[in-house]
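In the two complexes below, chain A is the common chain; its partner is chain B in one and chain C in the other.
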Partner chain A sequence: MAVTQAKLDAASARLAALDVPAGGWMAAARKDAVARLQAMGLPGKRDEYWRYTDPTALTQVAATPAALFDASDEAPVFDGIDRVRLVFVDGVFDPAQSDDPAAAGVELLSRQGAEIHWAQGLYGVLETRGQTPVARPLAALNTAAATEGVLIRVTEKAAKPINLIYLHKSETSDAILHHCVKLEAGAELTLLENGPAAARFNKVLEVEVADGARFHHIRAQGRDHQRRAVTHIFARLGAESLFKSFTLTANGVLTRNEAVLELTGDDAVAHVAGAAVGDGDFLHDDTVFVTHAAERCESRQVFKKVLKNGAVGVFQGKILVKPGAQKTDGYQISQSLLLDEASQFLAKPELEIYADDVKCSHGSTSGAIDETALYYLRSRGVPLRQAQSLLVLAFLAEAIAEIEDETIAEDVRARLEAWLARHEG
Partner chain B sequence: MLEIKNLHVKLEDDEKVILKGLNLTVETGKVHAIMGPNGSGKSTLSYVLSGRDGYEVTDGSATLDGVELLEMEPEERAAAGLFLAFQYPVEIPGVGNMTFLRTAVNAQRKARGEEEMSAGEFLKVVREKAKSLKIDAEMMKRPVNVGFSGGEKKRNEILQMAMLEPKMCILDETDSGLDVDAMKLVAEGVNALRNEGRSFLVITHYQRLLDHIKPDVVHIMADGRIVKTGGPELALEVENNGYADILAEVL
Partner chain C sequence: MSALEEIEVRDGVDRETIETVQAMAGKYKHGWETDIEMEYAPKGLSEDIVRLISEKNGEPEWMLEWRLAAYRRWLQMEEPRWAMLNYPEIDYQDQYYYAKPKSMAAKPKSLDEVDPKLLATYEKLGIPLKEQMLLAGVEGSDEPRRVAVDAVFDSVSVGTTFKEELKKAGVIFCSISEAIKEHPELVKKYLGSVVPQSDNFFATLNSAVFSDGSFVYIPEGTRCPMELSTYFRINAENTGQFERTLIIADKGAYVSYLEGCTAPKRDTHQLHAAVVEIVILDDAEVKYSTVQNWYPGDEEGKGGIYNFVTKRADCRGARSKVMWTQVETGSAITWKYPSCILRGDDSQGEFYSIAIANNAQQADTGTKMIHLGKNTKSRIVSKGISAGRAQNTYRGLVTMHPKATNSRNYTQCDSLLIGDKCGAHTVPYIEVKNNSSRVEHEATTSKVDDDQLFYCRSRGMDEEEAVALVVNGFCKEVLQALPMEFAMEAQSLVAISLEGSVG
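Entry: the complex of A and B
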């Protein structure tokens, strides 16, 4: 389908309003990204992968202001974990609130010069690969315009998790962050992300997981009701490597989380999971594309959404098994728990398989709380609200089980319990 | 003491009347059995007493130690001391059996203004009680009733009963789906809980359960009412001759 003029105009308008930085080793990558974006245009409502989620708020020139939200009624997530804290305020690195990035081997995108850098092989590279067969213009926009982010290269097991903390202080902030993470062979890293980031947030995370390396990613997207975000994870996995990503989303008017994972080495394992809870004006979209391009790889997609008072959940998940990717084990489940009739869940699971010796399964369901289970719990003396929370958490359990670290999983569970307590009735 | 007077119940979404003026008194410390043909309303009685949705009480009352049960929420009835061992225990994926039990025990304690049981104390008590019902640690870790055999589910019900220490226990066809050995085990679990302050209402189709749980009083239920009351010999009469003779006599 030809790209409509409106989409091209939108891209030009957006680029014109942004300062696409010049210079530095990223200059060529940025220039290429501008060209990609100018050819694709920005997403429109009629695009196949934007049918359920209106991209207007993400593509328009100015961010819609978002009221600040006071989340001081609970301690920030991951607080109990010994980690390296790197704080971004409205998308800008804040050294005063952060640990020393250099001590943790982290470099800042904002302080890069023209010298040759390892991240040249990564910045915009995985994003570019991820543009086919499905265009992801907002990621190209990110590569073109991002001036902030981190560059992390790990050669062994990292001493501590690295925690990127995104604070939202301005009602009109429009943040773009681009992170590159490279795990060399056998390395291991846990990356934590939390916070709302900005009124509008566009983030790209490119992750190269080399042979035998292990990457754990856990993020919590902040409780701000009015925030809007589009995020992309682009990952490439080498042989016998592991990639695990879990996202907790509570509140937010609009969240589109894309994950584009490519299993390129034999025996690699990629898991991507999410638990989203929304009450009222809430749209949460998980769009996932997993490509099996090697033998005996395993992938799992586990997405659960709890929706009430008109909240909307979207899931678009694809497993592509390339010719020769024999013994692939692909699994995909997307489920929603609709707490009332006003809420809805839109799911589009896809499998495309070109190898003949594979195991792929997918399932998608929408349902209400099981009244019989509720009665059973109550008949044992568990009060209605508590019984409902117990069943909601039980519904989310399979997604939370994707977090390997039990301390972090417990922290996430506690957030969800608190959210449910606040959104009772 | 459970006192049911003139209880009339119909289905909520249907004009179908199921209980038609049921009267029943179970004295404290006694074991009463209810037998009756299919469709006589036995299970409905257990559901209505425990507060399941879908039924409408059109007349009558049911009190436990003088407190009206029918106006309470299911959890309030449980806290007041009522327990129903389900004919078909419900599977709850994602909720661990141990978590479920501890949540229930502490919720009831909280509702009664008692102190919650500590994790350590709870574990000690539950292990001891589970052992006597041959419930192993693995079963306690699994989600509630998920993947349990018929016998395991029923034993799990009795474990809940043992942990919650109710005043009034209703056993709804607890023998259904059990082989002889499993039935003995369940009956032993129930018998261990018999005491002066606890009453039982055992709903069953068959005499054989009553060989193991010896009732003080046996009632015959038909068409939504108790139609005959007697001693344990009444159960034997049903076993030998079926319901037809008794029903012909009373109706």
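Entry: the complex of A and C
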């Protein structure tokens, strides 16, 4: 992307307004991120990678205030699950509402000193790798300025899922969180995330999945209407490892979820999926970049969006198969259901393939509810609203099926059904 | 010998496919040149050159102004670099922008007066510039097939056949330089109305320096009595070819138009930047077929044509229809996106493409379907084949505007890689801005017409065989729509199956 002075100025202005911390073992990584950001600048409206989503609200110096939202009509997500709860209020860790992180083997980014730390090999490292071939300046900004987040290292199967809960209590909050997760060979962890976090939220999650390790990730991005978020997941997968991520998004003025996955060991499996529902002032952008750099790996991207009253869905997905990554199995599907004339779906599903013995496919569709199916259901006595709801849930099913835990999948389904009921008509 | 020989045959790719691609590698049969005295404009590009081209063509003042406006605009523009193409900087001053055979100094009044050397050139290419009935390969058919040909040699049109007969039907088919002089009202009205002077870097360059090309006007309610064709031949060294084609199908008209192109083998790259504009009014239909076989360069990537082409059809009228068919086998670099603007309600656009890139060739090609009118339909079927160290990219845009209600698009793009040093890429853009329209994009071989597959399978074929048969059947249909002149070339492509494809 062409770096213009305006983009460089925007980066400098943003950095100047943030209190980039000095010292600690992250100092070198932060300094490097500042330098990289100053060289690439912040994204602008005319960038190819921001073709469908205006980044202004994410790049401007101050966060646009967002009204608080009362979601107490629903039980919090993941409530029934035995888990380690770690609560961040407007992006700041709150020990009073949290379980003891140390007991669960979790360290806090905010309590780091200068001594050598295992996370030095991870913090900002995967993010840096993820900057080519496409620059992701907002992730570099995160590495440069984050002071909060968690560092998790697992060496075997974790006893309980770890749940990061993001509460939004201030209308003007501007949160930056950076998490590092390292799964040693054969380890297994489920990471749950939920909540809107802040009026504006910038989050980076770096995940190193070593040979044979398994990482499960499920998140729900909260129901606040006015929040804005940009999130990045950078993951590197070793041989025979597994990475599975599912995101539920309901509401939110602006959400850009990027996933940058690199399959570096043979026989690795990476699945990334999302279900998003939006009504009115809603833009949801899934930007995914999967790199196959080893043999016999499998990747799946499944993204479904239900849009109404002018809501906009964006999907930019790419599968890159490097030379030698033979027997790759890459799959990508992005679909939108447009419930009225005003909504939009904008997609760029890309393939870039340099190996000949691969199976890669992608599909993308967009349209209204199937009138024939609706007619069939109604002719069987199903009331209109219920029939619509059934068809919408059926449309979302392929994405929800990516959640392995049946209890959570059922809960997600129920929440989507409730959302549809609230947004009828 | 070709590196393809060492390639093991993988499951699902048959030997025949590889052999056919191999047979096409490094054997460019149109690589000879015609030894003919040429007249060149001075090397390089400037306002003076633009004036000179205009003067050589005996153009009126308004045309010169149009060209100069384009040239001035071009100076402000930057060469696009977004395509997945890798080539060294082009020196636009190190080219000839105008070259014409000396024997064409005075425009021949009829084909009988054309230099026999030129006629022989086209004869050798299999394009007889005589108004004879028979073309190779159609012996014994009851109704002899006739094709009217406009032959463009470097910068000038050397002759157009069947002009008189077409005139009787009211069809105007001539070189664009002639049309500017004889039908200025039509040229003024339509030139640049589909591809404006400022459209893109290469189209703007073309607007400034185009030397010749073809012009077609089919009057209201007329079905063109024969197929029309333009054959482009680059012969001169270090010379760019910039042709401009303008086709107008008035209300209820129909025409099938064919285009072919070849060039001699040379060690240096040559530039070709063409513009094709098609205007289609109510109920009219245009079929545009291309076999692009410019010299692709040698196995090491030395030489070859840089092909930067802007082709666009504007379905202005209600129920108008356009069909682009392209077989892209030549050129070192292909940058080409024949597009459809579906402006009229119920208009239709179709794009069928087979792109083959071999050795060091790079192709970045596809289409744009811009749905503006209600109930518009479009269909894209693209087959890309890469071999050697070639890179083949499908790049396409489908956009449904808010007012294009009840519209429909279906896109399928399949790619096949032969060998592990080449690349196949897909870059589709999909923009849907209303919900009564349906857009489907897929890129898997298993999604060939399910009914046909089911039929084949019920007859005992396995899935691979069935897919190959169905895909081959489809290719044949596309290829059969091509001109007889290309029959031989087309036949060799038919054998290529698309088994083992990836999307």
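As a working rule, the second predicted complex is superposed on the first by the 423 of 425 C-alpha atoms of A that agree within 3 Å, B and C clash if a C-alpha of one lies under 4 Å from a C-alpha of the other, contacts with A are read in each partner's own complex, and residues count from 1 in each chain.
Basically, contacts are C-beta pairs under 8 Å (C-beta built on N, C-alpha and C of every residue); 3 or more make two chains touch, one makes a residue touch a chain.
No experiment lies behind these values; they were computed from the predicted model shown.
Novice: Could you check whether chain B and chain C clash or fit when both are placed on chain A?
Specialist: On the superposed model, which is not a single observed complex, chain B and chain C fit side by side.
Novice: For A:A57 in the superposed arrangement: first (chain B), second (chain C), both or neither?
Specialist: neither
Novice: Between chain B (first) and chain C (second), which does A:L8 come into contact with in this model arrangement: first, second, both, or neither?
Specialist: In the superposition, A:L8 touches no partner, neither chain B nor chain C.
Novice: Counting only touches as set out at the top, which of chain B and chain C does A:I81 meet: first, second, both, neither?
Specialist: Neither chain B nor chain C is touched by A:I81.
Novice: Tell me which partner touches more residues of chain A in the superposed arrangement, chain B or chain C.
Specialist: Result: the larger residue contact count on chain A belongs to C.
Novice: Look at A:L18 in the shared chain and tell me whether it touches chain B only, chain C only, both, or neither; answer first, second, both or neither.
Specialist: In the superposition, A:L18 contacts neither chain B nor chain C.
Novice: Give one of first, second, both or neither to describe whether A:D357 is in contact with chain B, with chain C, with both, or with none.
Specialist: A:D357 sits against chain C, while chain B stays out of touch.
Novice: Once the structures are superposed on A, label A:L108 by its partner contacts, choosing first (chain B), second (chain C), both or neither.
Specialist: After superposition on chain A, A:L108 lies in contact with neither partner.
Novice: Have a look at where A:E341 lands relative to chain B and chain C in the superposition and call it first, second, both or neither.
Specialist: Once the two structures are laid over each other on A, A:E341 reaches chain C alone.
Novice: With the two complexes superposed on chain A, say which partner A:V382 touches: chain B (first), chain C (second), both, or neither.
Specialist: first
Novice: After the superposition, what is the least C-alpha distance between chain B and chain C in whole angstrom?
Specialist: It comes out at 13 Å between the closest C-alpha atoms.
Novice: Can you list the residues of chain A that touch chain B in one structure and chain C in the other?
Specialist: In chain A, nothing is touched by chain B and also by chain C.
Novice: Under the stated contact criterion, what part of chain B meets chain A in this complex?
Specialist: 50-53, 73-75, 77-79, 83-84, 86, 89-95, 100, 103-105, 107-108, 111, 143, 160, 164
Novice: For chain A, which residues count as touching chain B in their complex?
Specialist: 370-373, 375-384, 386-387, 390-391, 393-398
Novice: If you look only at chain A, which of its residues touch chain C in the complex?
Specialist: Touch residues, chain A against chain C: 48, 323-324, 326, 336, 338-368.
Novice: Can you list the chain C residues touching chain A in their complex?
Specialist: Against chain A, chain C makes touches at 10, 82, 84, 402, 405, 415, 417-444, 502-503.
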